[in-house]
Structure formats: structure tokens, C-alpha cells
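A, B, C and D are the chain letters, set down in written order, and residue numbers restart from 1 in every chain.
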Amino acid sequence: MNEHDADAAEELADRVRTGDLRLYELEDHADADTAAAARRRLVEEHSGADLSTTAEYALDAEQASESAIENMIGAAQIPMGVAGPVTIDGGAYDGETYLPLATTEGALLASVNRGLSVIDDSGGAAARITKRGMTRAPVFRVSGIAEGQALADWTRDNVEKLRAAAESTTSHGKLMDVTPYVVADNVYLRFRYDTADAMGMNMATIATQAAADVVEAETDASLVALSGNMCTDKKPAAINAVEGRGRSVTAEVKIPREMVEKTLKTSPEAISEVNTRKNLLGSAKAASLGFNAQAANVVAAMYLATGQDAAQVVEGSNAIVSMEAREDGLYAAISMASIEVGTVGGGTKLPTQAEGLDVLGIRGGGDPAGSNADALAECVAVGALAGELSLLSALASRHLSSAHEQLGR
Amino acid sequence: MNEHDADAAEELADRVRTGDLRLYELEDHADADTAAAARRRLVEEHSGADLSTTAEYALDAEQASESAIENMIGAAQIPMGVAGPVTIDGGAYDGETYLPLATTEGALLASVNRGLSVIDDSGGAAARITKRGMTRAPVFRVSGIAEGQALADWTRDNVEKLRAAAESTTSHGKLMDVTPYVVADNVYLRFRYDTADAMGMNMATIATQAAADVVEAETDASLVALSGNMCTDKKPAAINAVEGRGRSVTAEVKIPREMVEKTLKTSPEAISEVNTRKNLLGSAKAASLGFNAQAANVVAAMYLATGQDAAQVVEGSNAIVSMEAREDGLYAAISMASIEVGTVGGGTKLPTQAEGLDVLGIRGGGDPAGSNADALAECVAVGALAGELSLLSALASRHLSSAHEQLGR
Amino acid sequence: MNEHDADAAEELADRVRTGDLRLYELEDHADADTAAAARRRLVEEHSGADLSTTAEYALDAEQASESAIENMIGAAQIPMGVAGPVTIDGGAYDGETYLPLATTEGALLASVNRGLSVIDDSGGAAARITKRGMTRAPVFRVSGIAEGQALADWTRDNVEKLRAAAESTTSHGKLMDVTPYVVADNVYLRFRYDTADAMGMNMATIATQAAADVVEAETDASLVALSGNMCTDKKPAAINAVEGRGRSVTAEVKIPREMVEKTLKTSPEAISEVNTRKNLLGSAKAASLGFNAQAANVVAAMYLATGQDAAQVVEGSNAIVSMEAREDGLYAAISMASIEVGTVGGGTKLPTQAEGLDVLGIRGGGDPAGSNADALAECVAVGALAGELSLLSALASRHLSSAHEQLGR
Amino acid sequence: MNEHDADAAEELADRVRTGDLRLYELEDHADADTAAAARRRLVEEHSGADLSTTAEYALDAEQASESAIENMIGAAQIPMGVAGPVTIDGGAYDGETYLPLATTEGALLASVNRGLSVIDDSGGAAARITKRGMTRAPVFRVSGIAEGQALADWTRDNVEKLRAAAESTTSHGKLMDVTPYVVADNVYLRFRYDTADAMGMNMATIATQAAADVVEAETDASLVALSGNMCTDKKPAAINAVEGRGRSVTAEVKIPREMVEKTLKTSPEAISEVNTRKNLLGSAKAASLGFNAQAANVVAAMYLATGQDAAQVVEGSNAIVSMEAREDGLYAAISMASIEVGTVGGGTKLPTQAEGLDVLGIRGGGDPAGSNADALAECVAVGALAGELSLLSALASRHLSSAHEQLGR
């Protein structure tokens, strides 16, 4: 920051100190970089912190302040790496790619890398999207259960009207269906949209507001909240694990027995046993919605590297792992119920995140529409599959030797 | 990158191209910056991406490569801002502070900021840790249920022996208790540790390995996996929501009725109603472990800003919100069951994340030990409370006007 | 039992003692009463028990042995009583009725009776069915995810073909929809049927077998199990709590403030507070699918009294209670997601159970078809609502006095 | 009913008709049989039902009216049968026994019988109790989180005082521990008791009331409800599935490969596969707390036959099944987290139910105390294991042939 800019920041900071401006008003009185600089001064004064590294951001502060953050002071930097390459035979993704991951957890990339290497040596992973749809579920208050039942019926009969309203707000979004749920004098309408290559939360919210206006106009129901928590966004809810949200995606690989033995130093049977005792029975006993070892690690790291919403790691962890020992080797699969990703909008516009998507070659709108976001979900699933394979085979390998030692006693 | 460095990177990249080196071996043959540069070249070639912004990192590549990431290519940059200040009357945190948040979701900081402002005007928030303990739950295979029952009994009788082994591996960690769970011929032992100011996953894992060695040495049980998924780490499991993991923390505030009406433009009754219909009944119907509106947003943003593990946002979202209308105003509280945070180790050592902790004034080990991590959990809870207040009161305010319009028809 | 019959029983028992017959073959060699008598002798000998009361059954052993039980020795007798009368304004039930309940838990009927009395004095309860459909979800094994995705698509495209097969097996059942779920190389198809006045599990199973045959004939999928546990029958599964099974039914009542105060000795506000702290927040913290106080008590007692399947009490307890304090009194409602009941078939044919249905006036097929089972679900919901009202108001009343005492200290 | 009794009943009924008496007051004015007869008349008049079979009860109406039911009109009769015999090598039960089951679901006993037969031929089942304790969890209201934290601490420090109060109310119950949970301004204290041979809900409730009085006397907390739903009684709550309630019990059997092939017409591998695809993966996808095929069927039938609380079938279904194919055969186990049973008190005093317990030879208090209830839980687990084995092997057998047919196409 040069002297002139520093002066401008100091001046701006002073207007906050004197009560002339509020901290969030600075962008109205200066460019975004100066506003961030002024804020850093104020926060540094208040806390005694030195924010000089936070200041070294390589993003467009103007753009970030407009769409990604308020009260900006700079950027947090998360180490980014790559794992792979791996060949993916997906419904949308077809080819060989590195996977970008951003994390602060040592050993994660090494683990994923090992897994991808085995997958690739086995001919690559297959992946498919089995369900699609971003949801928003407003809650309406009705006068009682008779009106509630009537609203549920009305909704089923007026999907076209709701669709017209919802789709009037968007050029990309398509309303797929609306499902009513009644609890006491509340009716929750779960709207599900095809949001193409956008993660789609904003699109779904705006469209649902328009549809909710129709409901309020044509019935006696009163909108309590545009999200009634049956969407469910960013909460560990069974509805997402069961019905899916965003993309439901499965990735799978068949690993020849010889490779399991030589490369992974274990057997299909041992890996399957660990999966059963840990991922299935252990998760069952913990009353978990996640039947996996570390899917969230991969989800978080790939979300951060590609500009996804970090809070949606929550439902990204709704994943079930299957490891089946067969005569000719290991069948390994992970089914992720609610991978909510996009390749346009939101954090994908930030420069390092855009580069992350470019590593995968799927930045921006896909052709056909939605295929890039499909492809991203498939890549995440393959990465998560690699993480499972790597971790479970390491455990199986240790367990095998441990068991041998036990027997030797 | 100067010409000399570029040459070194190119040379290194070439050794990968020719098969002389593997992508993950580069740090053995060059400094970390050069290794990252070489990798970028290779990934750029492979993908066609331009990774020039990813290259503009402001962190110590050597340090990052040693403890936070492998196969590094640079850094992802997440916009960081502040909300507040807010006064916190915590069991560990006492004073006024800004909260650092890193996010790509527009409007989040504005929302938290509004909430904190109301909290601060009400005299600040109280916060308390109500339970502590990082857990690791290995799964052992036994010969059958009789041996399983015997192992459960043995464990209860030999806690001191297990403690000695576990604590021999750490100068900070203390074993609090061990709980056995039996499923068929599997015994899961859930070890719970006081890990002071560290998030503690690594500490708990190493200590538990030592304890597991004792179990294997002294009984016929065989260790299948050091984590049997009853820990439960990074999965949406009820065991964490019920029993807690890391810190269980509650934050609360009492907002005078007048302030609810004038500032939030609504009433305590309306906010309470929205909370009931959305956060309680809606979440109940969705079979959710999260009874809140957007706790994960705040958890994710504060975790990213302070070097926490982004994948642990999963269990960070196990939060229950209570909003009670009282004669004199609104009682608002959020109880978060499993906030897994630390102020030493892991991502807290990275420069921008260290600065994030410095904004809160709680980087490094606390005095007494554990008080800084306690304080961080309290700050997260206050931030999450602000997010709830802001969102629910906005909904209540709109619902009130909508209801009025309805009545006017 | 006269001497002749006793001799016949002894002779039959002897053939088992000598190994000539198996215990379950007796009905092939004697009438059902004699077979039961013979079995009692053998069991008495083996255990030393005296089964003379078990022998005093008042049901048709022939009929019971054909459709309700094998290896019959007699009958268990559960005390039966009535609560009410109460006026129900239902979608299917309209009028005043006693509710029959069979239980061994003292105080239950008294509690329900108190609740019904208040409901009746408030003008009765309203009740509505908000969703219908008995489900069966076979699991198919496919060769991999590509085939899995194809099967899901095939299913969506071939509902008519599946319907034809399914409905060919039944004169009453109608296939409503089929929803595919994919997990690894498994595809679960959740068939949902309108089964009219039958609970419908058998009907759904037989119809689904026919549809599964079509799937196997026309695709490469292989049926693993006719129930793949996503139905979900008799397990506490979120899918039923969210999506419903059998009937989703809500009952509600508005109780004038004066009546709450005079009869229930408490206030709407106090009842609402207890509901929030116990049924909502307490259940949330317990990670429960049931947000109620004692719905299962009423479900179990009414199921036993009317010939329903006692094991389906499990999902009958998926109920959410709402208690809202309003200016003019209390709004109380219970929403039960999965009440699986019938008025034809199964245990409804047994004499005491048939009489239980006659108390309600809804034995046999309804007009229109399904209306009797709808009515039964409404009656169950009203009974459960009464149980909640009674228990919560008692707690609220005690809490009020306790709170007063506290204040008085 | 003779003429004199009929007259007395008519007279009593008339006093209700004229408003002189309420329906529930009849036992104050006549013996229990006459009261029931009078009620039947009134209900018959009201409904048009003929309650003559309900009237043919073989239980002591006086006793039933005092402890098991109010407003009695007679009894519901559920067909009762036996399965077995089977040899059980339990921690408490040791020997060969028939299992009594009461049900209206045809084919259930046949299924359990087949399973028991295979178990017995394999040398019998082992069973063990792995955890014990009946729980009651009152909810207290506190002034805020600071007081909440203090109450949690106070509780941990005053267990002895709470124990003294709790145990003063009972000669059999022992307080095992108290666990505090804090949600906003609510503190839930989960009391866990050893209730010996009683199911113990009443004992725990009374003891907890005494302890709660101490809490109210010595702290500022105010009791809201003696059950705050974290007990959790009769609701499908994860806390019971994870932590257990009543008895946690596992039963297991090893079936030689030859027997699987000859008797069950399938293979250990095929049974294990069905268990994985149905009970584990299917239940996981349904977000279930029950990972079994039909445990609730057996739980319900044995509970009805032995006088247990039918509503507790709900948590009785929290069961996880493991089926492991081994070289020498099949290892099969079921782990049931929350089997709440007793051999004294409640419905066990009714005559047919007492006879059911006599079939098992464990009526009344055990020696040592608690051993009879332990034994009953073990018997239930063995019955449930038999049900799983029978059903899963039937599915596996059909799947095997179906798979063969598929291959033949």
C-alpha cells in the first residue's frame, strides 16, 4: 500500500473513530481496497493484532465486497494442492484430471492421492448423478388442520401456477416438483428446482418467494418464513440424506485382487470387514447420517478449492460407503446424497477458486446446461471415494498385521 | 517468480514429465516454493488452467508443506471480514471484540453484524462451556459376545492403566473417561480427553493408539480401526449432538422489548413464533440434528478465519436455538453441542489464520490451559446467536407485515 | 375341556413326545383346540408352568391358527377399557364416540379420559388425513452405478407397466407412485399404495412381488429382498417420519382460556412452555423422531383394542405436538406421520378386536373405500392428543405451583 | 353373568344415564366385574356394538382395575403360541426353553420357530447383557446459562445427596449415575437406576421426584417436568439407541456352513450379503435407528406374552444385526440397545402374562436380584435373532435361485 492510499485509509478510519461513519459504510465513501485498509487499522487498534498478511490478498476487493462479503478486511489463505491425476468415466465428466483441494489438515492430500492412484491403475472410477434438485421449503401458517389439508390439496392442483410464478424470476431454473408436509397449523411446501450449473440456493429462494406470493394471494395461508427448515440447508437433516439435495451422486471402482494385495498390502475381504465394522456398524451405533470414514474432509477441501459454500459441507457428509469383496477383487462405491455445487455464481467467481475449477476444466455454464455442475459433483465423489479407499485399506493392512501378531502370541 | 526460480521449477517439472520423479516427491528435491511452481506448470499443462493467482500466496510454503498440505500448488483465498464489536461475558472470554469471518456468501457478515449490534446494545451476550472433551473411539474385534462383555468390564476396571498409556504420549492431554459400547463381536471404546487449547484430534488419536496397544497386549481383542466411527469425527452423528464433542457451549442474550420493537421492527412473540415454526417444528419434521436457521454459516466462516478444520463444520451445526418471549423482552439462546476448536496447532499456525485469532486476542495456549479454546468456542456461539437473531427477526418482521396485509384483505 | 377332548390332547402330545410329530404339525392331525391343548401339556411339562388361564380363550382357535398365529397354546388377555365419549369432526369420522384402549399400564386410561373430557367440553377435536400410502421397497442388485442409474430411469418411465403388474394381484390396492433410491450397486424402489381399508402390508407385499418380477424380467437387476428396509416397516426410521407411511394424520383442538384455567388449573402459556421445554427442546437434544409426551401409549392401547399390528407402534410414535398459547386460549395439535391401521383383515377379525372396532362403529370396509381406516387413524390421533393435553397440563399445573413456591422462598 | 349381577350392572348403568355417576366412578359403587358390565351396557347402547366376547375375560377385574386399567370393560384377547425349544447360554439364562409369543400376525411364530430350530441345532445361542439402567430425565428451568452451568456442576458434586434422596423411596432401586445436559435455560438431568427385576419406570419416576425435590430445595432451579424427554421413554430417540435404556443385550450364534447349506438352503455369504444390502445399507439410507429385519415383531409378541409395556416396543426396535460369513459357517448376532423388561410388577401380575413368564421359568424376583429381568432380556434377544436368521436366510435362498435364473437367461 503506497503512502497516498495509506493516508486515504487513515482518513476513512478516522471518520469511524469520530462516529461519523459506521464500519459497514466505508465502501460508500472509498474504493473497496481503501475501505478494507481502513477497517484493518481500526481492528488492529481495537485488538492489537497485526493484519499485514490478511492484507496481502490477490482478489478484486470491489468484486468481493459486492457479492461475497461485507466489512472486508482482506483474505484468509488456505493452502491448495492437487491430487491425481485420475480417469473419470462419469455421466457428465469424461477424462483424466487432477483434483484441486484446499485444506489445513496435513496428510489429507497424500491420502487422497494414494487412493486416486489405485483407482487410476484400476482403469479409473465411474460416476453418475442419480438425482438432482435444489430445494427451498417455505412454512405457511394456516388457521387449522382443515385449511392445512386444503392447502396441501390446492398445492398439488396448482403446480402449474406455482411454476409460472417461480420460473418468471429466472432464466435457468426449472421447478421440478412441490411436496407439501403438514405439521399442526403449519404447511411446509418443499419446492425442488433444476438450477442448471448454479448451486442454486439464491435462484431457488427468489423463485420460491414468487411462488409463495401466489400462495398468499390465492389462499388464506400466511408465509411465516421463506425457509421453514425442511429445505434443509446447512443442517444435518435426514430429509437430505434420504431424498437428496443438490446432486445425489455415486462413484465406484473395481480394483483387481492382485492390486489390492500388492499395492494396498491387504485383501478385499479385510477392507470389506473394516468397512462393515467401522463405516456401517460403528456409524449405525452412533446414530449417524454419515456411513463413511472421511468424506467430509474431501468435500470441504474440494469445496474450498472450487468456490463452493463451506457451510454446505454439513450435508455433503451424508455419504454411504460400500466395500464388497468379490472373487476377482474389491468393489468400492460411495453414494453421496446431497452434494450442492455449482460452476457459476457465488464463490466460483473469485480468482483462486475460478482457477480451481479450471484445473477440472469445468468453470462456467456447461453444455448442456447443468453438465458442469454434474461433472463437479462427480469429481467430488471420486475424490471422496479415493479418501475412503486409502484410509480403509491402511486400516485393513494394519489390522491384518495386528491380527497376525495376535495369532503369533 | 524470478527467472532463476522459474528455471528451477521448469527443471523440476521436467523430471516429472520424464518419469524421473513423482508429483509428491518434489519437496525432496527443491524448496517448497519451487516445488509448488513446478506443480503448477504441470497442472497448467494438463488442464489448460492459468494458476497465476493461486501462485500469489502469502504464506510460508515450507511450513505449509510440512504440516498442512501435500502436493501444494499455492493457496485459495477466501474473503475475510469482521463483524461487531460485541461484548461477551463468557466463562473464558470477557470483553469486547470483533469477530473475524471468512466466507464467499454475500450478506452473511451483514446479517451477523446486525445481530451483534443488537446484542451489544442489550449489554452483550453471556456464554458458557457446559461440557468438554475430544473423543476417539477405536473398534476392537472380539471372539464373541462373552469376550465383548468381558472387555467392557475390563475397560471399566482398567481406566488407570489406559490413562497411563494414553497420557504418556502427551504433555497437555488428560484422559477424562472411556465408555464401552458393544455391537455383536465389536467393542467400541470411546476415549474422551481434555486437550487444553488444542482442537485435539491428533493428540487424542496418538494417545488412543497407545491405550489401544495396552488393550491388545492385555486382552484377546484385536484392533480393527483406531476410529470406529463412534468418535464421531466429521459425520452428522447423533452421538455428538447428544453427548457433545470438543466443547458444548451456550450463548444467550436478553433483549429489551423496546429494542425488539424499535430496532428489529418486530415483537418477542413474533420472533418466538418463527423460531417454533421453523427451527423447532420444521427441523423436527425434517428429522434434523440441527434446530437452527444458519449456525453452520457462522461456524464455517469463523472456522476458516481462525484456522480450524473446515470439515468439522459438520458437527459444528449441531445447534439448538431457543427464543422465548417474556414480558420484558426476548430471551434468545443457542446451544451448540460439538464445537471442535483450538488456538494452537493445525491451521492456527498459518499467517492469515493466526491474525484471525489475534483479532480475538486468543492465539496460542491460554492461561489456564484450555481457556483460549474455551474462549474461541464462546465467540463462535455468540456469532451464531447473532446470525439467528438477525435472520429470525427479519422473518418475523416480514411475517408481521404480511399478516397485517392478509388481515387487511 | 371335557374328558374326551383331554384324552385326544394327551394322545396328540404323546405323538410329539415320541418324535412322531413336530410341535407345529398338530393342526394337521387334530382340530385347533385340541392341538392347542396338546401343546399346553407339552409346554407345561417342559417348563413346569400352569397354563390354565391361557387356555381360557374366547376366540375361534381354528380361525386364529389359520391366519393369526402358529403353534397356538391359547390367548394373552389384556385389560380393555374405554375413554370418552368425545366428539370428532374428522375428514372421515364425524360424530361422538368412546375410544377403546387395551393396556396394562395403570393411569393411562384415566389420563386419556381427562384429556378427552376437556376436548369434548371445548366442542370436540378436528382431525384430517394429510397423506396416505402403504409402502414396500424391494432392493435390487445391479452390476454397477451405470446400470443403477439406468434402472432408476427405467422405473420412472415404466410406472404404468409396474402398476399393471402390481394391481393385477389385488382388487382393492392402487399403486400411487414408485420412488427409486440408489446406494452403490443397490437400487431401492419404494412402492406406495392406496390400500383402502386394509392396513395393507400384505397387499403391498404381494403386489410388489408382481412388480418386482417385471423388473427382473425386463432389466438385468436381481431382486435381493422384497423389503430392502426403506419401506420402512417396524423400525424407527426417519423416512417414515418425514414422508409418512400408512396415514399421516393431524388432530387439533382449541381450548378456551377459561377452561384451561378452571378445568386444567393452569394457563395456555404454561402448557406451551412445558411443551417447548419437554416435547420440543428435550426431544431435539435426545435426537428423537418423536416430539411428544406419550403418544405411543395411546397408539399401543388403541392398536391392541382394535386388532392392529402391535409392532407398528414403533412408527406410530413418530408424532409432533404443537401447543400454542393464544389470546383466547390454547391451540393444541398432534401430527402423526405414520399411523398404519386397517379395519379389515389381520387382527381385526379376532372377536374382541372386532368388538373394539364396533365401539368406534367402523369395522369392515368403509364407504367410500378407505374411509373406515381413515376414520380409525383420526380416532387414534384424537386419543393421542388427549393424552398429551392431560399430561402436559398436569405438568404445567405442578410447575406453576412449584414456580410459585420458588418465588415465595 | 347371572341375573342378579345383570340387574346390579343395569342399575349402575342407569345411574350414569341419569347423570348421577361418571363412567369412571363405577368401581366406587360396585365390584369391578359389575362396574365393567355396566360400562359395557352403556358403550353398547352408545355404539351399537355387541361386547359379549370382551366380557369373557379370565382375569381378576378387581386387581386389573387397581393397577392396570381404568374404565375397564373387559379384555382384549391376543392369540398366544410358543416357539422352540431353544438352548440359551446366557449370562443370566442358562438352559433350554420355549419362547411364548402373542401376536395377530400370521407366519411370525413359524418364522421364529424355524430360526430357533437352526440355532438349537447349532448348539444354542449365547446372550449377554452389556449395559443396564432405567432412566428418568427431569427438565429444570434456570435463570440463564450461568446458572445452568452451575447446576450441571452442582449435580456432579452432589450425586451422593441425590442418591440418598432417590434411594429413600425404594428398597430395590439403586441410583447408578446422573448426567446433566444443558440446552439454553434448561437443564436435563438423566438419572440412571439399577431397578433389579422391575422394568423400573415407576420406581425411577418416584425416586427421581425425590431427587428433584432436593434440586429445587438446594438450588434456584425450578422443575418443569419430571420427564424432559431425554429419558427417553417410548419415543424413537437416538439417545436410547446409543446409550441404552433398560437392558442392552446381545445374542449370537455360530451356524456351521453345512447346516446353512442343507437346512437353510443358502450360504453364509448370501445371508451376509442380504444383511448388508437390506439391514445395513437400506436402513442407513432410510436414516433408521433400527438395522434389522423384524426385531420389533418378536419384541412386541414376547412383550405381550409376558406382561411388558407394549408402548416400549418403540425403543425395543433399536437393534443392529450382524451377519458375518466365515470359513466354517455363519456368525450371526443381534445387539438390542434398549430392552425395557421386568419380571415383577406392572402387567406381569396378570394371569395369562404370569403364565407366559412361567413358560420361561423366570417369573418374580430373581436371585441375585435383577437376574430374572436380565434373563428375560436375553430370551427376547434370542427370539429376535431367530426371527432375523429365518427371514434373511429365506431371502438369501430366494435371491440365490433368482440369481441363478438370471444367469440362465
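Everything below uses one rule, namely that a residue touches a chain if its C-beta (ideal position, glycine included) is under 8 Å from a C-beta of that chain, and two chains touch if they have at least 3 such contacts.
Note that the structure is a prediction, hence the values are computed from the model and not measured.
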| item | value |
| --- | --- |
| Neighbouring chains common to subunit A and subunit B, by label | C, D |
| Degree value of the rotation bringing subunit B onto subunit C, based on Cα positions, nearest 5 | 180 |
| Pair of chains joined by more contacts [C-beta pairs], A-D or C-D | C-D |
| Gap in Å, rounded to a whole number, between the CA centres of subunit D and subunit A | 42 |
| Mean-CA-position distance for subunit D and subunit C (Å) | 16 |
| Shared-contact residues (touching 2 or more other chains) in subunit C | 181, 183-184, 186, 238-239, 241-242, 281, 283-287, 289, 320, 322, 324 |
| Contact set on subunit A toward subunit C in their complex | 91, 126-131, 144-146, 148-149, 152, 180-186, 238-239, 241-243, 248, 250-252, 254, 287, 320, 322, 324, 331, 333-335 |
| In the complex with subunit C, residue positions of subunit B that touch it | 238, 241-242, 276, 280-281, 283-287, 289, 291, 320, 322, 324 |
